[in-house]
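Multiple structures are listed underneath, in structure tokens.
Note that chain A is present in both complexes that follow, paired respectively with chain B and with chain C.
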Partner chain A sequence: MSSRILPEFELLPHDIDEAVKMLGLHQGKASIMAGGTDLLVMMGDGFRADYVLSLGNIPDLAYIIEESGKWLRIGAMTTLAEVAESKVVQEKYTALWQSAAQNGSPQTRNMGTVVGNLLRASPSGDCCCAVLALDGWVVLEGPQGRREVAIDDFWLEYRATARRPDEIAVEVKLPDVKGNTTSAFRAMTRTTLDLAKLNAAVRLDMSGKQCENARVAIGAVAPTTIRVRKAEELIRGKEINEETLEEVGKVVSTEVSPIDDVRSTAEYRRTISGVLVKRVIEEACKGV
Partner chain B sequence: MKTHSTTFFVNNKEYTLDIPVHRTLLQVLRDDLSMTDVKYGCGAGECGACTVLVDGDRPILSCLTLAVLMNGRKITTVAGLEKEGELHPVQEAFVEEGAIQCGYCTPGMVLKSVSILEKNPSPTEKDIRRGLEGNICRCTGYEKIVKAVQRASIALAASSPVKQKEGGKV
Partner chain C sequence: MQEELRVVGKRVPVKENFDKVQGKADYCATITLPGMLVGKLLHSPHAHARVVSVDTSRAEGLQGVKAVVTKKDDPRKIFTWNVMTYQLPDGEPQDQYIFDDVVRYVGEPVAAVAAVNEEIAKKAVDLIEVEYDVLPAVFSVEDAVKKGAPRVHDTAENNIGAPPTPVFCYGDVEKDFSESDTIVEGVFSTSKQSQAGLENAGCVAEWRNGRLTVWSQAQLPHMTKRMIAQALDIPESTVRVIQPFAGTGFGAGTDLCPEPYACLLTMKAGAPVKVALTRSEDLRMRFTREHIVRVEMKMGVKKDGTPMALKAKYTGDAGAYMGKILSGCGVALASNITEYEFKSMYQEIEAIYTHHLACGAMRGFGGMQSTFAREILVDEVCEKIGMNPIEFRKKYHRGVGGLGWFPDTKISSCGLDACLDVGAERIGWKGKWQGWGAKKEGIRRRGVGVAAMGWLSGAQPMLLEHTNATLKFNSDGTCTLIGSPGLLGQGVLAAHCQIAAEVLGIDYDDVRPLTPQDTDITGFDIGTHASRGCYCIGRAVEKAAQQARELFLERASKKLGVAADALDIKERRIFCKDDPEKGIEFREIAQDTIYSFGKDCRQITVNATIEPTEFAPPWQAGFAEVEVDTETGVVEVIKMIIAHDIGRAINPTVVEGQLEGGQLQGIGFALFEDIIISSENGVNLTDSFNKYKIASMLDCPDHEALLVELGDPTGPFSAKSCGESGIFLQAPAIANAIYDAVGIRLRDVPMTPERVLAALKNKSSTQTN
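Right after this comes the complex of A and B.
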């Protein structure tokens, strides 16, 4: 054999309704595949899925639609490369653009998806971090119809999401941003291809030099990507200057609960987390 | 075992096969179609040895792609680059620069280089290194690979007006 043998799986629905029915039939035993860059690797690594349901034959799931004044909607099969090539995403949702454009390699960007990154629910997911900062919503389709879950409520614990076993995530949507909103993302990796040992994203709603509202997200420091609400409170309603950034840096380090693993140590992550958030805020401020 | 009738093109030749859903594109290309120029490296999306181009210039990993999803797609492997016995300028440049050691990464490296130059005909060294991310050379012969891409970029620029004329005549 030229390559490892995958388990047999036969679920290849042609539309969302058929997919939801198939999931209902195989309650909890089916894994959903979008780009395949996570699932097929996990299966090669010994993860056993009784059934794999591929979204690859469902048409019209790859889109980036801007509903002006409302939402930016990104379909479940939209690849990271398509997001990285989008001018709208680059200009208005910079954090997401950065998290997609720097993600993995050109090949994996041509295959992997933003929605897949959210569903994998890894604490080091780059798009997870950006979508959390940008206040995204995950749109799920199930037997009872459509429902939307705020990204704040989407990750329940390490690699667990609010998606029910008979639901499919069909889209992620981000609230429209005004001209005074800016965002940025940064990942720390050993090489560019590596998973992040630490990543952070912020969205700032500015009024001149004053920050009216902020969302600060940081990854690889807890079982899921988290928001640092104490840091957000520190900059809300204030001018962002060296003094506020100094305080933000200190508070971030006390709000994270990192672990030691192959990519880094808990101590390093804790020490650097404040610095990383500070730099991401500075970068976002340049974008105003 | 359920199979799906799937029609796709490899190196401009049409194939219709009954493929079980779980077969990867790599398995079908190598084992069913004997196209052993596509290599199996890590099976985990890290080495790029199994890279093929889809619809002209989009590199993907054939080891992580289900073959049944390739319906109607045009796939290029490194064997499809030569035209009428003439090597592709990128292949030529790899030979000239000696950018090949054990050769295992070469099919992926060459296809990836073609995709880099399709998008950006005159890349900087940084563009080339960034573009080659996702393709690993176990012999660590990166210097010569980068030089080969630079050489191919110059060769393509020199030959492209002529090629267009030739294309126009046909």
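Right after this comes the complex of A and C.
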């Protein structure tokens, strides 16, 4: 006997238009399920959705498309495992690749999706961290058609996103990266299979030893995954060496507002945030 | 030395595993009976409240609900979930009711429902209306003893369950401390670990024709039967406990959990009821590790290391009921006696009620906590006197004839020296340990540490460890082994079958263990706890097999016309020792016992009773190599070696499996497993496996379990125990290795990165000042 979690699926749209209509009908009462690795856990913990809309019957939502010189597009039903198996992602978007490959367990990677990870808007989401560093965009489709939201504007607060109740997130896009761009991701966990107590990702656009531009993201230290702009400013236009890294380490801890929970303490997160960012930058530099 | 053994010592497969790996084994979770109902519990959301009223009318009105039980249905017999209370003449304290007027921890059941399916049962639970008078609560032993603190039980003044009580003391510690050259001391704290079984707590109960049958995960089925009868106020013979395979254990089955509620429900509903807890419920209400929340220990030695005096106090956070906290603290104390030859010892235990979940038992019961404190202090002492920590342990551990855990018990064998030698060799101690105060550089620093311990093979003679084993022979020369160790996956049935086959001169395949186990069939047995399964029950099996062997030889002697003592049995054949050609197949004799046409039928069924008296300590040395990241406090275990003095491994694969499983639980205890209870409201914040982390295979470091087999004169085929032993030495060996790496002494488990980093910070600020 097992505790039954799965609901009756009343909402099984066959295309995006139908899905958007269904969402419009049930204004805010429907939960969207892609892989279900977050939703089912929430339901196991007692969350009851009035309706669950499954994306399972909508064809062609699982893809990784590289539009050379423009975007890398990842569909809403593309699983973490598929991302982890992608050579393009591994070589060009290393931070995302690492965040997918280390995410959860083989079982959850086979079900869970990158887009789902972003929509969950958990401050400790591994892919959130990587997509924020990689300057991604979330593509939403609603009654008024398509719109794109920069990841910087996507998370409004703890577990809240810019997606409207009648919109479906259909894909995430990452701007194309050139040969001099490098990225890395790293999470700290209690055991190998655990949610991050702290995670960080960076994207560095390098010119020789000099960093032309940087995006630094850190998770589990604020209500949403955040960028550490002061750290970005510190390295922008500079050579990345021990000295700059030392400064970055110091500034990160002043930019975070972590809390105590079962995974760690606020004090530890604050102390280590700089170390983690420093190490992720070092790792990204190795990839140049 | 004994003649060559044919079955004992061989790596034969555990028979029940064939069913298990094919998904064919039955567990409480899989058992389904005709007309079975689903039971659900209503838990208190409050840590402390008076239950003013429970209105079940709406729940009872829901279609599909067959019974709702509350305190009105409770026969109000005082009892305890701790069925081990029966192993002591005066018992352990009993202070529970199935449903009480007061709830004393978050999660305590207030009512239960049986319905035709889970959805309806859940709905019905939600429809029960409880009026609580919420009372103030206490969540630490420190707060609980303060003046004016809320009382957990009216009868326990200042919440003292047991005041500080000295036990098994000897010598004059104050005098010996004054004559010591070096004294070290510390206050240690340990966490409350969960058994975290794969199968959540669950049972099925069926009341039919005046009998109550309970399918339970009990490790101690016969005492479980007695306790259920006591709680329900029905004759013991009314109750029958059947034990299918349990997907859990590690001590979890030494306490009741859902059984009383399932029993009340089936008695009211008149249909079988299954109560299977969710993981969250399991973590919130199943009794788990004895919570010895504080260990204060002090030891004094001479310049050359000669152990002089040891003083210790063990404080138990009992939680809401006394459960096993007293025996847990008692074992911490008793197990601490045996390791080193201190001239004097003074140790006391105390237990304090709080509004936490009460304590059960978990693998390494009590010894985990005292071993952690003692082995760290030994390391400190060695540093102060400039002695190699391996040398100290070899020189000053107790040996054969030395003082055991309990007064008047003696050590029957000790292979610790060999364990220390083989373990040191395997970890590469000589190259890796660079002496006290060796300078280490870099962000990541490595260190090695050692720890040692002696455990037991059953808690005799302190506790009743009465065991029966029965062998019933079939006409084809095979037999059924009828015992009652509890089927918690420990693999001990393989050892029992090997022992019987070896004694009888038949094959391993010829001995079939009874599964599931059933108290209507099996003779009395305490069951499995205190690492007793192989040693205690094994001795009963050995004795039964010897008796059966005599009966077979007697019968063969008549057939062959040769005196019984001139006969031997090997490879299923009975033959004359002097003339091996002359003999008869074992099977033929077996057939003759059943299909005898000479008016001589007598099926051979023998039962043997054992009340062991020796406690036969297994010894162990543990070695850890760690790498500490000084920037993050992360401790990586590079290698973990345990060398275990098993006496003789009846089945080395099973022994290694036990020890390796213990390694993972020991690493979890050492580094990350921690049940966190809110100090504001008593809620368990770690009631799922994404919050309460246990080790997976991916967290398993390079590790080895090495067996030292020097024999024990009292054990079956010289065997001692290994059930609990795998789990003890990770925490102290890792703590000592961390010290070797970065020079910090940790006093608290789990040794999380947060604690390591804080200690490193503390150290560097002390040095700067």
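One rule holds in what follows: the second predicted complex is superposed on the first by the 280 of 288 C-alpha atoms of A that agree within 3 Å, B and C clash if a C-alpha of one lies under 4 Å from a C-alpha of the other, contacts with A are read in each partner's own complex, and residues count from 1 in each chain.
Here is the rule we go by: contacts are C-beta pairs under 8 Å (C-beta built on N, C-alpha and C of every residue); 3 or more make two chains touch, one makes a residue touch a chain.
Everything numeric in this text was worked out from a predicted model, so none of it was measured.
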item: Touched partner set for A:188, first chain B, second chain C, both or neither; value: second
item: Superposed model, chain A: greater residue contact from chain B or chain C; value: B
item: Partner chain in contact with A:41 - chain B first, chain C second, else both or neither; value: both
item: Touched partner set for A:275, first chain B, second chain C, both or neither; value: second
item: Touching partner for A:264 - first (chain B), second (chain C), both, neither; value: second
item: Intersection of the chain A residues that touch chain B with those that touch chain C; value: 1, 3-4, 41, 45, 192-193
item: Interface residues, chain A side, partner chain C - complex; value: 1, 3-4, 41, 45, 188, 190-195, 262-265, 267-268, 271-272, 275-276
item: In the complex, chain C residues that touch chain A; value: 29, 38, 118-119, 274, 276, 278, 280, 631-634, 672, 676, 685-686, 688, 690-696, 698-699, 752-754, 757-758
item: Chain B partner contacts - residues on chain A that touch it in the complex; value: 1-4, 6-12, 36-37, 40-41, 44-45, 52, 54, 56-57, 81, 104-108, 110-111, 192-193
item: Interface residues, chain B side, partner chain A - complex; value: 1-2, 4, 20-24, 26-27, 30-31, 36, 40, 43-46, 48, 50-51, 54, 58-61, 63-66, 68-69, 112, 115, 130-131, 133-135
